[in-house]
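Letters are used for the chains, namely A, B, C and D, taken in the order the chains are written, and counting of residues starts over at 1 for each.
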Amino acid sequence: MIEGISIHHILTVTTIMFFIGAYGFLTRKNLITMLMSIELVLNAVNINFVAFNKYLYPENMQGHFFSMFIIGIAAAEAAVAIAIIINIYRNIHSIDVEDIEQMKY
Amino acid sequence: MDILTSLILIPVLTVLALLFCKELKNIRVIAAVGMTIQLLQAIRLVFIYMAERASGNDSEMILKKSYQWFESINIQYAVGVDGISVLMILLTGIIIFTGIFTSWKMEYLTKEFFISLIVLATGVFGFFISLDLFTLFLFYELAVLPMYLLIGIWGTGKKEYAAMKLTLMLMGGSALLLVGLLGIYFNSAPDGGQLTFNILEIAKVTIPIEAQRFFFPLTFIGFGVLGALFPFHTWSPDGHASAPTAVSMLHAGVLMKLGGYGAFRVAMYLMPEAANEMAWIFIILTSTSVIYGALGAIVQTDLKYINAYSSVSHCGLVLFAVLMMNQTAFDGAILQMLSHGLMTALFFALIGMIYERTGTRDIKKMGGLMKVMPFLAVAYVIAGFASLGLPGLSGFVAEMTIFVGAFQNEDTFHRIVTIIAVSSIVVTAVYILRVVGKILLGPMIDEKHSLISDAVWHEKIPIFVLLFTIIAMGIAPLWMSDIIWESLGPIVDKLVMLTN
Amino acid sequence: MEFSYTIYIALIPFAVFVINGLFGSKIKESFTGYLGVAGMVVATYLSYFTAYHYFFKVGKAVDGAYQKVIGFNMEWLRFTESLHIDIGVLLDPISVMMLVVITTISLMVHIYSLGYMKGDKGYSRFFAFLSLFTFSMLGLVVATNIFQMYMFWELVGLSSYLLIAHYYQKPSAVAASKKAFIVTRFADLGFLIGILILSYLTGTFDFNILCNPEGPAFMQSSSAVFLGLSTMGWALILIFMGGAGKSAMFPFHIWLPDAMEGPTPVSALIHAATMVVAGVFLIARLFPIFAIVAPNALEVVAVIGGFSSIFAAVIACTQTDIKRILAFSTMSQIGYMMLALGVSGYGAEAGLGFMASMFHLFTHAMFKALLFLGAGAIIHAIHTNNLSEMGNLRKYMPIPHITFLIACLAISGIPPFAGFFSKDEILVAAYNHNQIYFWVEWIVAGLTAFYMFRLYFGIFWGKEKKYDHTPHDAPFSMTFPLIFLAIASAIVGFIPFSNFVTSDGLPFDIQMHWEIALPSIGIAIFGIIVAFVFYKKESDLPNRAVASFGSFYKYALNKFYFDELYLFVARKVIFKRFSSPIAWFDRHIIDATMDGVATITNYIALKIKGLQSGQLQQYASVFVSGVLLLIVIFIYLISV
Amino acid sequence: METIIFYILSLVILVFSVLTVTTKKILRAAVYLLFVLGATAGIYFMFNYNFLAAVQLTVYAGGIVVLIIFSILLTHQINTDLDKINIKKIALGIISSGLGIFLVLSTLNNHHFEASNKQATDSTIHGIGRALLSYSDNGYILPFEVISVLLLATMIGAIIIAKKVEE
């Protein structure tokens, strides 16, 4: 509970942040920058969880723990993603998402 | 052990035994032994059935067993037989038995071939003993699917095309059928209560007429596709022409009967009001089938195509008869299924053997084969005569029962289409005699054919078995007709009483 | 039962067929022939015994009429409670008479074939099929119900097919057998539909019920009328269509001349004496219904019979193949029988035509079988069928010569040979019914005498031709049947037939009608004289006669182009106009529709597979747009 | 006071978020991301979730961003600009994002959240640790175990994927 700040304020900020992340995911060509966009999205969601926890259900800590696990998984995800990116770079000397289209048809 | 379940277990065990078998010789022997036991079981079943009936058991289905296997939507493994299914099981037993011997010389992927063949037969046996619509559908699919592999791998000619076409068309039919069966299921308790897939229980209630109007055509066409209902028959010529011998035998001999049997036992029996209402549409289609198939067969030059079109004509007659709403015609329909199963299996077996010897199925390239292979030729002639309905052979009994039955209908429409269907016997005679005259009689066309040898033992076994049954059925039809007749009682009560 | 043994008359040939058919290739060849003859001897004895027993001991009921006796009956297949096919033996005057005819001729042909077929490759097969035919024919005549008759009807068709195709490597024989089967099958279609209608109207197949004047068949006379005939009439005409097919009546006659491709004994047995009269027998069997319920249908029978007889007689005058001449002569004589049935009424004296027809059937079987067997002996000796390659054979073959002469006299109606008596009765019956029929048949009688003696003089007189080897006389196995049948042809005319076979079973007496007999004898003698003048010695008289007939001769020589007409219908109309289009339609319309569905599916798949571009961001934007769309739909469109 | 801090943090988050997804230099993007993550941690502090904030800083800011930078270094010359982005793509992105923001915000504004007045639970490290390892009603031992297995799998997976393939 932040003094003088309603949940709407927080949700507004996270919504904008979320869609900025989404915008980045849709427009960036570089895999690493796309990964960063995803981190933005995840962060926005994390804040939401915490905010709901704090404002609506302060009596237990589900939102809090959810965020924590998300952070844990995000770490794992980032590690795997970067391993994959490096591997792709090794193979095709590019990490441009448009060059990666082996999965078509 | 329960004899009906054993009819499924024996093929399954045979398949398992085949899986662990390496040598070619053992494979054949195991398959042959397994199917011989199966045939004996089928024969035993007939005797058990007759003994049951003789001892005064007059319930609709006998040897009933039922186990719940999927409780939440009330699917049961429910089995039971009446006279009709007993005879169909006997037919299947005979044909799979002969089919094994016909493929004795199959050398490419033998094990897999026999396994697929027997799996197919398992499906057919399961279909005929099932009383639960869902289980029935399951076995139906089990019978249809191996066909793809059997034609696609072991076929000849445009096999991939044919296999794909056959499978897709039959699957299309299955899709309609599944909708139809589910429709029956969801209307199986119009007054509330437990929904059921059990045929006997559904038969006790009256499905609302609106539902019947919608689901009857779906179910009938779904089964009709397999029964080569015009215009959904085109998989048949291509499929049969490409399939290996035993598969053609099994397919034309038994699988196409699944269509007729299902259309009768499921579609018409469970939805009699709609069946009566819509029969005329399908009567037109089936009588077209009958004539159309026969006329189509006249100009073909490939033996298998001729037989495939002939099957369209004969199976059309089966569906034609079941639509005639008359106990005699029903009786004839079942007889026709049996008769056509036997003779078409014999035909395909012989065509396969002729093809092995001459390397061609084109009737223009053969001639005078009677001289070099009298046994096969005589068998072919007899099969031909059975097909054109000569007295003393099975075809006559079946066709005459259908015609007499169909003609007993009061109204002109039924009698006129009957006359149209009757005229197919002349056309049949034309194409049968054309083939016999071209390939068996007359002078030898190809000099190479003078070196052909006659049948050997593993070819004679199936031919003898089939010839024997065809002639036996033709000479003493009454016991068979009686078994069918008494089993038709409940169905007639539901269907025919309605018209009066 | 008293007559239950009669079933063995039919079953013995069947047993012989089974033995010869299954083991023919295993056992000694000559044995199969002897087995066939032995079987026939037993069957013949049994049928003579039956005839004696029936006609002279027990057949007559108290009122003097011959009753119908069921010798044996067994249910074979049940359609409904009242409609069922039985297999049984029905004995009445006509069936007993047919038993005698069939077994006699069949026995003779069996004996004859021992010599004729000697050395043939298909010897045992031939005897097997002969037995099969005999079995079927016997089953046909003793049928207790119309469906049993139909079954055996088909079976005689089958044996006819098999025997015509005996020389199966000869294309013409194969074609002829096919033609015979299909033409008769087509006619049988009418028969079958007729049976269906008849059984529908009467609810029975049983002859005893059908022909009972108090039975249901006779209640039907007032039923619906279609094209001027009652339904019953149509049923009977359709049944007659079957009979016309089997009996080679116009327009189903085209198979008979070609059927001569079979071995000559077969022609004698099947295509002269027995099977071809099955049609006549069929009408006779159903005669009460025809005569009482549908006289119109009977009129049709008479017209077809009369036309066929003169049509065939004209053609017979022009042919050169001796067997074909005999075939057309058969057709002509059967036309006589049909006509006789057609002009007959029901009842004793009124049923003169019926009796005459049966009588003629009986005598004709004897002399026509004799003619064929004689022709067979000649063909056997000089290996040709062609009349123009024969001549002056009388000195080489005395027995065939004499017997052939007797047969020719018999068929021409010269007293005291058998044909005279039966033909005379037919002419009387025709005269009583309608004089036109009489005059037509009178002319036919003359033509018959002419072409038969043309044949006779052509073969046995005239100039001697060159033969491959000196013609030899036939062996005893062949001459014995000739002699036997010649004696029969000479004397059977004296049997008082009307005492045994009448339309209603009541015997009556007939008188000679000399006012009819004399003109017919006259024209027969005239025909013989013309033939004598034309063909006794080579002369150009025939050619001049031909020239004076002009194109009519050409038409007759080509059988009025009926073969060509049928061929045209079969090849050009059925094949080209129905079957080929249907095959095309099936491949290119129906099948193409099915394939088209697949093709369209495939096409669409190819088109939309571009959506799976592998571009991650494309997928993502679709995903995001989709989510947004769902938000719009669910929150703004639906909830409001 | 708190209000102002919140606004400042929000502003930082939004501005640097935008910069992260728009800047041409990839390394800069990583740094901007770092600011965003830091500001997020700040918000967690304001909620009085100190442990979460600490985790955010160590795992995200300390771990992930470093990983990202490493990967940038491994795959890029640092100075090269990123490729120009197709204007259509940008337009599409802006439209869908803008629409998304509009839709979500308008929905949010129409929705009234019932703020709870209940007493907040203990969010000390002690309490968190207990909750994480407890298997009672409010315990998270199962997800905790799952996550640990996942992390182990990730470790192995990442090593195997990134390992040089031996020729």
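Following the convention adopted for this analysis, a residue touches a chain if its C-beta (ideal position, glycine included) is under 8 Å from a C-beta of that chain, and two chains touch if they have at least 3 such contacts.
Owing to the predicted nature of the structure, the values given are computational and were not obtained by experimental measurement.
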Looking at B-C and A-D, which one has the bigger number of contacting C-beta pairs? A-D
Taking each chain's C-alpha mean as its centre, the one farthest from chain C: D
Could you give the separation in Å between the centres of chain B and chain C, each centre being the mean of its C-alpha atoms? 37
Please report how many Å separate the Cα centroid of chain A from that of chain D, as a whole number. 5
Per the C-alpha means, the centres of chain B and chain D lie apart by a whole-Å value of 67
If you average the CA atoms of chain A and of chain B, how far apart do the two points sit, in angstrom? 62
Two or more other chains are touched by the chain D residues 89, 92-93, 96, 100, 104
Among all residues of chain C, which ones touch two or more of the remaining chains? 617, 621, 624
So which stretches of chain A touch two or more other chains? 22, 26-27
Which of the chains touch, listed as pairs? A-C, A-D, B-C, C-D
Inside the complex, what are the residues of chain A that reach chain D? 1-13, 15-24, 26-30, 32-33, 35-37, 39-40, 43, 46-47, 50-51, 54-61, 64-65, 67-69, 71-80, 82-87, 89-90, 95-96
Chain D contact footprint on chain C (complex, rising order): 617, 621, 624-625, 628, 631-632, 635
For chain D, which residues count as touching chain A in their complex? 2-3, 6, 10, 13-14, 17-18, 20-21, 26, 29-30, 33, 36-37, 40, 43-44, 46-47, 49, 52, 55-56, 59-60, 63-64, 67-68, 70-72, 74-75, 82-83, 85, 89-90, 92-94, 96-98, 100-101, 104-105, 108-109, 113-116, 118-121, 123, 128, 131-132, 138, 140, 143, 147, 150-151, 154-155, 157-159, 161-162, 164
Would you tell me which residues of chain D are touching chain C in their complex? 89, 92-93, 96, 99-100, 103-104, 107
Show which residues of chain C lie in contact with chain B when the two form their complex. 25, 75-80, 83, 85, 147, 150-152, 154-155, 158, 161, 165, 168-171, 174-175, 177-178, 181-182, 185-186, 189, 192-193, 196-197, 199-200, 574-575, 578-580, 582-583, 586, 590-591, 593-595, 598
